[in-house]
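Labels A, B, C, D, E, F, G and H are assigned to the chains in the order they are written; within every chain, residues are numbered from 1.
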Amino acid sequence: ARTGDPEVIYGAGKTPEQVVELLRRLRQAHPSRAALATRLGPEALAAVRATFPEASISEDAGVVTVGPLPQARGLVCVVSAGTSDARVATEAAVTARAFGAGVRQISDVGVAGIHRLLAVKDELDQADCLVVVAGMEGALPSVVGGLTGVPLVAVPTSVGYGASFGGLAALLAMLNSCAPGVVVTNIDNGFGAGVFAARVARRARRDGGAR
Amino acid sequence: ARTGDPEVIYGAGKTPEQVVELLRRLRQAHPSRAALATRLGPEALAAVRATFPEASISEDAGVVTVGPLPQARGLVCVVSAGTSDARVATEAAVTARAFGAGVRQISDVGVAGIHRLLAVKDELDQADCLVVVAGMEGALPSVVGGLTGVPLVAVPTSVGYGASFGGLAALLAMLNSCAPGVVVTNIDNGFGAGVFAARVARRARRDGGAR
Amino acid sequence: ARTGDPEVIYGAGKTPEQVVELLRRLRQAHPSRAALATRLGPEALAAVRATFPEASISEDAGVVTVGPLPQARGLVCVVSAGTSDARVATEAAVTARAFGAGVRQISDVGVAGIHRLLAVKDELDQADCLVVVAGMEGALPSVVGGLTGVPLVAVPTSVGYGASFGGLAALLAMLNSCAPGVVVTNIDNGFGAGVFAARVARRARRDGGAR
Amino acid sequence: ARTGDPEVIYGAGKTPEQVVELLRRLRQAHPSRAALATRLGPEALAAVRATFPEASISEDAGVVTVGPLPQARGLVCVVSAGTSDARVATEAAVTARAFGAGVRQISDVGVAGIHRLLAVKDELDQADCLVVVAGMEGALPSVVGGLTGVPLVAVPTSVGYGASFGGLAALLAMLNSCAPGVVVTNIDNGFGAGVFAARVARRARRDGGAR
Amino acid sequence: ARTGDPEVIYGAGKTPEQVVELLRRLRQAHPSRAALATRLGPEALAAVRATFPEASISEDAGVVTVGPLPQARGLVCVVSAGTSDARVATEAAVTARAFGAGVRQISDVGVAGIHRLLAVKDELDQADCLVVVAGMEGALPSVVGGLTGVPLVAVPTSVGYGASFGGLAALLAMLNSCAPGVVVTNIDNGFGAGVFAARVARRARRDGGAR
Amino acid sequence: ARTGDPEVIYGAGKTPEQVVELLRRLRQAHPSRAALATRLGPEALAAVRATFPEASISEDAGVVTVGPLPQARGLVCVVSAGTSDARVATEAAVTARAFGAGVRQISDVGVAGIHRLLAVKDELDQADCLVVVAGMEGALPSVVGGLTGVPLVAVPTSVGYGASFGGLAALLAMLNSCAPGVVVTNIDNGFGAGVFAARVARRARRDGGAR
Amino acid sequence: ARTGDPEVIYGAGKTPEQVVELLRRLRQAHPSRAALATRLGPEALAAVRATFPEASISEDAGVVTVGPLPQARGLVCVVSAGTSDARVATEAAVTARAFGAGVRQISDVGVAGIHRLLAVKDELDQADCLVVVAGMEGALPSVVGGLTGVPLVAVPTSVGYGASFGGLAALLAMLNSCAPGVVVTNIDNGFGAGVFAARVARRARRDGGAR
Amino acid sequence: ARTGDPEVIYGAGKTPEQVVELLRRLRQAHPSRAALATRLGPEALAAVRATFPEASISEDAGVVTVGPLPQARGLVCVVSAGTSDARVATEAAVTARAFGAGVRQISDVGVAGIHRLLAVKDELDQADCLVVVAGMEGALPSVVGGLTGVPLVAVPTSVGYGASFGGLAALLAMLNSCAPGVVVTNIDNGFGAGVFAARVARRARRDGGAR
């Protein structure tokens, strides 16, 4: 990992023992750096909690950080609509924080209730980078992108059924966004969006320049 | 065709001569009924104009009606965002009118400029059936569907490139709309949407019932 | 939810406790309005039955309503062919009723036995909106659409195997229907079809106008 | 080619000169056997007409036979709905005749006008093998297959647009037909269906056995 | 079911109790006709065996017949390559027999061992209809179709992994067979192939005509 | 357009006259702001050159700017491999400049010649945002992303044939990049990448922070 | 290019002038090395012939070599079935020769005429590497791979229509070949197969080892 | 199996008893030849270990060989990046060894850490055939293919999620590799790659010729 970045464990397909052992080694080798683990199931989360009482755990999102987080520079704002997409949004938020950005998370602003979204426009404008998470038709990034000129990373999720095809519908929608300047990650890839957004935010001048 | 419905010609793949000849026959056989022809190219449009000076022609959309339109009952409102989608929107509007509904057409209200859309909310609410046309990410029906409870038919268009895959992205988005009660037609099928919407509108009580 | 519409819970991915708790809250907040819950498994259904003895439960379809249904205006007719598609058809029927329409359900009329279908033509003609549910090749809406001019919502189901690709074959067939005025929902989305059809039906003049 | 079968030329991608030259050689080498050429464009058809005045030419379908056709045994019935599918239906009919079966062709019986189809049920029952050609939603074979127990070969065509995806929608529909005993060819492959149906028909007992 | 055809139960998704109950009813209603049940799991097979000791059971293929089979007319020959495809091949063979054809089954002749296939050419030529079952690359029907002029029904199976995409690779291969006169069923649809082949075989003149 | 952003014309599907007329109007309405036009064919480029002698034209990429460019803040570096991808890379570069960023363009560094890429590592590190353009297998962003921690926008192109499927192969590769923090645009969407990268770059502190 | 390898020009999308100019430069820079150009249209071929009278030209395949070919080591055998696939097969053959292997080309051995294939088994066994080219169902490599243990590279072509989907059917078939040790290139990529096969052949011991 | 090749068992879908019984029979029938079994789960591996204490077992890859391996001729080098791809890489390595080649396995050289890859360039150059295994974006073969002229077989794996679509992304990337002379196997097909690579390696002259 680059200076200041956390060490990272991708938990999918790993046993709780493997996760705990990896975290232990990373903490020992890099005591001054946080370790981030994503995609943990309930057993792995329990094992981490038992072994590292100081760990910061996002239960529903299956994400943990252990060790000192870097100082926060810049601001990432993570936006999502429903409880189903929250898991991915939180993965993005925790990741962005662990990679050195300040983070604000706004949930429950969806395209079908446009007024709640208009009400948070100021918060969106204050961010250095936005992460917008949506499943099903994946329309949220287009609407947010029309409201603000802040760099916007769209994350499609696999939430949906039938012709959602595991998130393909949302992915294609986001790639075709009519709002200029929307970029996209893999389906459910909150981690990648968090890394990218943190890199953007922590380089940003606090005044945002003349945008 | 059912009583009151126009006779219809699908012009794609037909020569100007075939189109004109078919229109002539339909006019002769059913003098009291309009004839509708869609998907006409410039040559076919010119031939129709020369032969039927009384024809009503939508140049850009390649649609014509010849003969007396039925009395308008109920109101269909056709909504679209950009000039590229206008062709399909007009096909829907002319079709709905020819099938006996009153029609209002609103262009240039897209998801990336949400305020223009909010400004027409009252007009949307007055309709008996909405037809919402959009290409690229196909997000417009979700946003409109969140603003109003009027029955809404979404029409994906093939406008876009790359991962739009000829309208597939918009089609999938609309099928997965999080706004309940959105139904969908084939890509670019303004005609089908117009027929359906007219059927809904001309049956509607003018007060709309307690919706 | 709009005035007169029920409160809705999407049960997929929710625990029985969550479903019961949500129903309880919705009933308390809106005593005069029904609550509708869809996609419930056997455990959730049992929990609902135990907690709300007055609940109306469609066992096989995993759908329940609790509380007073709105007065029925207009008529939705839900048509399907086999027992496999019945689950989705019933989801549509219960939803349409909860959203304020009268409902008639006709099962076991398929394309491979066309005479049973011809025998119910009158019942189809009396409806204000049709919902036609079919899996496999999804041919039923085309045949029904050829028999009647009533607005028709087609619902593809995931019933089938192999080249059905989880309902994709039926979805594509319905989108390409040669019967004009067929509109389509997502695969297995009986709920969406029910909402849409109810909106159409409850606005309809009882005479249907000069269709 | 097997005894009694014609020699065959696939004209797509061949120049008029190549087609004529191939026909000449085949006629010379096998004077007692017909030569069949498919997928010919207007120029190739004109060249064939000029060179072989005795040729039997199906203009619209781009199919020709030159030389003595074999005696007809058994009966193939080719069914299609619209003028757009007629090209493929005629390719099947001419091929079946050239491969030694008697042929009857029924056009303009589609799923959206079910009564015309019921009116020809007797003719369907008299065939030894049916070829049913349909584009768009590809529903016709399911309906025909429900009316009769005659072996049925379904041919999807590329007629359609948008979510027809070049005939994929019709192909998938036919593969998923709920009528048992429907088999399918490649999109637009009237030739293959004609060969197969002729093989079935010319082996059939004229009484058809106790089916 | 047509005269002489068996009653049929599609076992997938049915409980052992439902299967046994359905068989009981069909046997009672039609004592002179066989009942065929396909896609049965081990429990359903055990329940059938316990209830109908006279049942004829194909354990691995999950297929049973109960009651008197019709007299065999004509000959269907079912060909497959490996043990993985045998389940589908046997479904086809048992179905063809229950629908009134004589049946011969040849296993373990694949494209990668062409000499075993050449050794059975005479048996292939004697059939009135061939059913050729293959997974993975689905090449077998093309090779068999090149060896014989007997009508040939190809059945793709879902055997394979990776880019087999659940049988799609074999399905596409068979639809594109360069051997003329190959027709295709849905993936794993041994039942449909058996019905079709029996219909062809039982109509065939025993001499096969001058093929 | 936001303050400081140029006015933009999407030239695809527009006649040379329409493009020139639009440019004229935009120049008149916003004399202090540049106008950017993309996707222009040879005729449109010639018309622009004739009408606006001061226009800056990228011939091969079909991109022009007319009017005063904004002051450059921050640095975007656009990287591509071959001459085929250059068109898209230049669209990104010109767009980023027109949207207010400084731009450096590096061509001809591909994955199959890794040493040329290593030689420019310092230039990559100096950028505030990278745009990496690649067709065919789309591997370049993963390799670049492994070399540097600068925010990286990947642009798949439609360069390739066969299983490239119009850029789908490159798009999927980039979405699955194992280098963390790679985000992706639509196929051939150099414009979108340029807008996004400019927004990131012009907000960046010149020292880049402690990255 | 590596020592002994030719210089290569990919002609698709290049003007005749560009091709000739590139060839001239490569010949000048590397007089002792051949230059290979692929995917040339008729005009480019004519221009090459006029400029380089000594060029070796494969007219139908659009391939030329100019300059001294390397000494041939090892033997590549290129196998294909029909005239439509010959273009790709010849591209592979010329490429393999230009990359330093001896080449034998066998045309017109297809899966539907298995005896012609058996007749050339000895020639197949003598090769150091096989290139097997096939379109449509792509079955040829499986059959050849069952006959011989020589390393085999399969090349799918875009020959076919309908469900061939531009060569996808053949590609998937080859990837799923039941013959072990079949490897695959992109659709129509005779060039890649030729390069690979030459690399294998020119390293081979002439006795082939104990295979 | 050919002389010198091992007997092979494909373990997927077989019970531990079946695997052990098959191994026993193969060992008895061919005592001088190794038996190779792939795709074994933990139970089957335990059963093999208990029955054949002399077996050579690759636990994680689910691969075993029993009996004397052939003498190693030539050198196959198997390259992969991460622990997730190791299973497939080891299947290739064990297979290549069992088919008579010497094998070297290099793990943990990925595209995102290009320097580790450059460090092993000499080892790559010494091989007679390379097998390069990669999931996700499948970029590794392109980079390796740019470093060396050794024949290279690319194996895509199903490692990934979302738009990886079960390995499709990596498969398409490898088929479109810009490095000439890359050939590809089915997704996860380490076995096929091992067979092919061994055939190439064991025929190779030890000096590799003048490559």
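Everything that follows uses one rule, which is that a residue touches a chain if its C-beta (ideal position, glycine included) is under 8 Å from a C-beta of that chain, and two chains touch if they have at least 3 such contacts.
Please read these numbers as outputs of a predicted model, since none were measured by experiment.
Asker: Once the contact rule is applied, which chains count as partners of both chain E and chain H?
Answerer: G
Asker: From the centre of chain A, which other chain's Cα mean sits the farthest off?
Answerer: Of all chains, D has its centre farthest from that of chain A.
Asker: Looking at E-H, G-H or F-H, which one is a repeat of the B-D interface (more than half the contact pairs shared)?
Answerer: E-H
Asker: Using mean CA coordinates as chain centres, what's the chain C-chain G distance in Å?
Answerer: Each chain's C-alpha centroid was found; their separation is 57 Å.
Asker: Centre to centre, by mean C-alpha position, how many angstrom separate chain D and chain G?
Answerer: 37
Asker: Two or more other chains in contact with one residue: find those residues in chain A.
Answerer: In chain A, residues 162-164, 168, 171, 175-176, 186-187 touch at least two other chains, as defined above.
Asker: With touch defined as at the top, which chains are paired up in contact here?
Answerer: A-B, A-C, A-F, A-H, B-C, B-D, B-F, C-D, C-E, D-E, D-G, E-G, E-H, F-G, F-H, G-H
Asker: Would you mind writing out the residues of chain G in touch with chain E in their complex?
Answerer: 81-82, 110-114, 118, 136-139, 142-143, 145-147, 160, 162-165, 168-170, 172-179
Asker: Help me check something: in the complex, which residues belonging to chain E touch chain C?
Answerer: Counting only chain E, the residues touching chain C are 12-13, 156, 158, 166-168, 171, 186-189.
Asker: What residues of chain E sit close enough to touch chain H in their complex?
Answerer: By the definition above, chain E touches chain H via 84, 161-164.
Asker: In their complex, what parts of chain D are in touch with chain E?
Answerer: Counting only chain D, the residues touching chain E are 2-5, 8, 73-74, 128-129, 149-153, 171, 175-176, 180-187, 191-193, 195-196, 199-200, 202-205, 208-211.
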